[in-house]
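Chain lettering (A, B and C) follows the sequence in which the chains are written, and residue indices restart at 1 in each chain.
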Amino acid sequence: MSAILAVPTLIEVAAVTGGAISGALHASKRRMDLMGIGIVAICTGVGGGAIRDVILGNSVPIFLLQNYLLMAVIGAVAGYFFGKLVSELEPAIYVLDTLLIGVWVVIGAEKALALDLPYSAAVFLGLTTAIGGGLLRDVLCRNIPTALMPGQWVAASAIVAALFFVTIEYFTDARVMAETVAIVSATVLRALSARYNWITPDAVDASTRFRHWLGLGKKPQPAQHWP
Amino acid sequence: MSAILAVPTLIEVAAVTGGAISGALHASKRRMDLMGIGIVAICTGVGGGAIRDVILGNSVPIFLLQNYLLMAVIGAVAGYFFGKLVSELEPAIYVLDTLLIGVWVVIGAEKALALDLPYSAAVFLGLTTAIGGGLLRDVLCRNIPTALMPGQWVAASAIVAALFFVTIEYFTDARVMAETVAIVSATVLRALSARYNWITPDAVDASTRFRHWLGLGKKPQPAQHWP
Amino acid sequence: MSAILAVPTLIEVAAVTGGAISGALHASKRRMDLMGIGIVAICTGVGGGAIRDVILGNSVPIFLLQNYLLMAVIGAVAGYFFGKLVSELEPAIYVLDTLLIGVWVVIGAEKALALDLPYSAAVFLGLTTAIGGGLLRDVLCRNIPTALMPGQWVAASAIVAALFFVTIEYFTDARVMAETVAIVSATVLRALSARYNWITPDAVDASTRFRHWLGLGKKPQPAQHWP
C-alpha cells in the first residue's frame, strides 16, 4: 500500500457508483426490467475487481466483503429512477471515468505484485480491473464490447498506464512515483484522445512489406502506360 | 444446515436435471449440435451454483464433487433425444422451476452466511445461484438474457425471497422460518405473476417530478387555448 | 505427470500461440481495434486453461505464473500485423490445432485427477481446457460459439478423448497408455471428420418411436386411398 492508495475509500465509492450508473443506463437503453438494470449495474460497477479476484481465487472477492454492493445498488437506483437527470450528468461521469482508469489499473497491478506474481500478470490484472466491468456489461446486454472496438482510448490508456507502472516499479522500486505516473498518464492519454478525437487503430497489414523485406514475393509492378 | 435443507438430494436432482432439460431445449432451438446441446445443458443445470462457488473460490465447486454433472447429462440426453416429449412436459418443468427458485436462493444465501459474509453478499449469492445458470445459457446461445428483460417475475421473485431470508435471519435468527418464508414467498410471487400476467417494470423516469420537488425546473405550462 | 507430458513446454508454446493467432484473426475480422485484437487473442490462447484453473480455484492460474501471456501477446502481434501472411498459414494452424486437442484434454483431466476429483470432473475439465478458449473468443466477438454448432468434430473429438482417457485410466491405471490413446483418438477423429466432411448431428427426435415402444400414442395411420 502507499501514500496515494491508502485513502481509496472516496475514490472507490465514486468508481463503483459511477460504473453502476453507466451499467444502469446501458441496460435501460436495452429496455431491460428493474432486475436487469440492477444486475447489469452491479456487474458493471464491481465486475472488474470481481473478475480479478476470481482469477486470483484464493480468497473471497473484496466486493462481497465491503460495501461495494450497496454502492452499486445506489448507482442502479439512480439509473432506474432518474435516467434523464443522470444522462445530463453524463459529462461528469465521463470526467470521473477518465480520472479513474489509472486508479483501477494501479489497484489491480498492486494486488498482483503483493502476491509476488510476475510483471506480466500485474499488467494483465491491471487491465482486467480497469475494463472487466465494461466487458461484462456488454456481454450481458449483448452489445459488441465497446472497449474492444475502434473508438476512444479506454483500454489503450489502461495498458499504457499498466506498462508505465510496472516499468517504473521494476527499475526504481519507487511505488508512489509509479502510481502517480500511471494514473496521470492514463488520464492525460484518454483526455487527449477525446479532445483531438483520436481513434484507436484496427488491424494494419504489414504482410506485403514484410515479405519484401524478407526478399520474398514479387515487387508490385508500376502501372503500365500505353504510349 | 437446517431441517428443511437437510434432505436436499431429491430437490437438487430435480433442479439440476430440470435446468439441464431447459438448457437442452434452448440449444436445440438454436440448432446446436449434440455437443452444444450437452454443454449448454450442463451450464444451465449447474451454472448458478458453479458461478457462486467460483466467486467464493476457496474450494472445488460442489458440482464437480457430487453427481451434478451426471444429472445434467441425463437432462441433456432427455432434451436431445426426446425434445418433443419433453416439450409436452414443459408445464411440469415450469411448475418445478417455480417451486425451486426459493430453494436455490436459500442454498446460496446460506453458503454466504456460513462463511460469515455480510448480508448483502448473502442476497447477492442467493440471486446468483438462482439465475446464474439461465444467464450462462443465454450468453452461450447468444440470446438476450431473459431474466433481465421485462417478463415474468423470475429474478424479482428471487430477490424478494433473498430479502425475506436475510431480514428474518437478521431479526430472529430463526433459520427454518427464514427458509420457509423465502421459499414460499418466491413460489407464490412467481405463481401469482404468471396467473395474473404481471410484467416486471422497465425503467421509470422520476426526473421531472424530482426536479419539481427540489424546486428546480419550470412547471409544465397548461396548454393555452385561444379564445 | 508422465513421460509424455513431462516435456510440454514446446507443445504449450505452440498451443497458446496458435490459439492467440486464431483469436487475433477472429477479432480482426470483427474490425476490432489493437486492444480488442490483443484481448481476444489472449483470451483465446489462455482461456481454456484459465477457466479450468478458475473453476478449481485454490491457486493462482498457471497462465499468470508462466510465460503464457507473453506467447499470447506474440500471437496477437502476429495476427495484428501479419494477418494476410498468417491467413496463408491457416492450414498449419489447423493441423496444429488438430494435433493439440487431445493434449489439452489430457492436461485438464490430469489436473482433476491430481486433485482426487471424480472421473466425471476429469472429463468436464478436459473438455473445458480444450474448448474454453474458443468459447470465450466467440462470446467476446459476439459470434454464436462455433464449438457448439453443427460442423467439424472439435468438441466431439475432445469428449471422445476425455472418455478414452478416464476409461483406460480407471481400468488399467496405465497413465502413458491413457494419454497416448486419448491424444491419438482425438487427432484421428478430427482429421477423419475433416477429410470425409462429417458434420456433427443436431437434435434427433426419438419421441414418437419411444412412445410406441412404451405402448402409448396411436400408430401412425397408413395413408388412406379412395377406391
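The rule is simple: a residue touches a chain if its C-beta (ideal position, glycine included) is under 8 Å from a C-beta of that chain, and two chains touch if they have at least 3 such contacts.
Worth saying up front: this structure is predicted, and the values here are computed from it rather than measured.
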Rotating chain A so that its CA atoms sit on those of chain C: what angle is that, to a multiple of 5 degrees? 120
Same or different contact residues where chain B meets its copy chain A, judged by the half mark: different
Indicate the whole-number Å distance between the mean C-alpha point of chain A and the mean C-alpha point of chain B. 29
Two-or-more-chain contact residues of chain A, please, as numbers and ranges. 54, 57-58, 139, 142
Help me check something: in the complex, which residues belonging to chain C touch chain A? 27-28, 30-40, 42, 50, 53-54, 57-61, 64-65, 67, 69-70, 79-85, 139-142
Under the touch definition given earlier, write down the residues of chain B that touch chain A in their complex. 54-58, 112, 115, 117-118, 120-121, 123-125, 127, 131, 135, 139, 142-145, 147-151, 155-156, 159, 199-208, 210-211
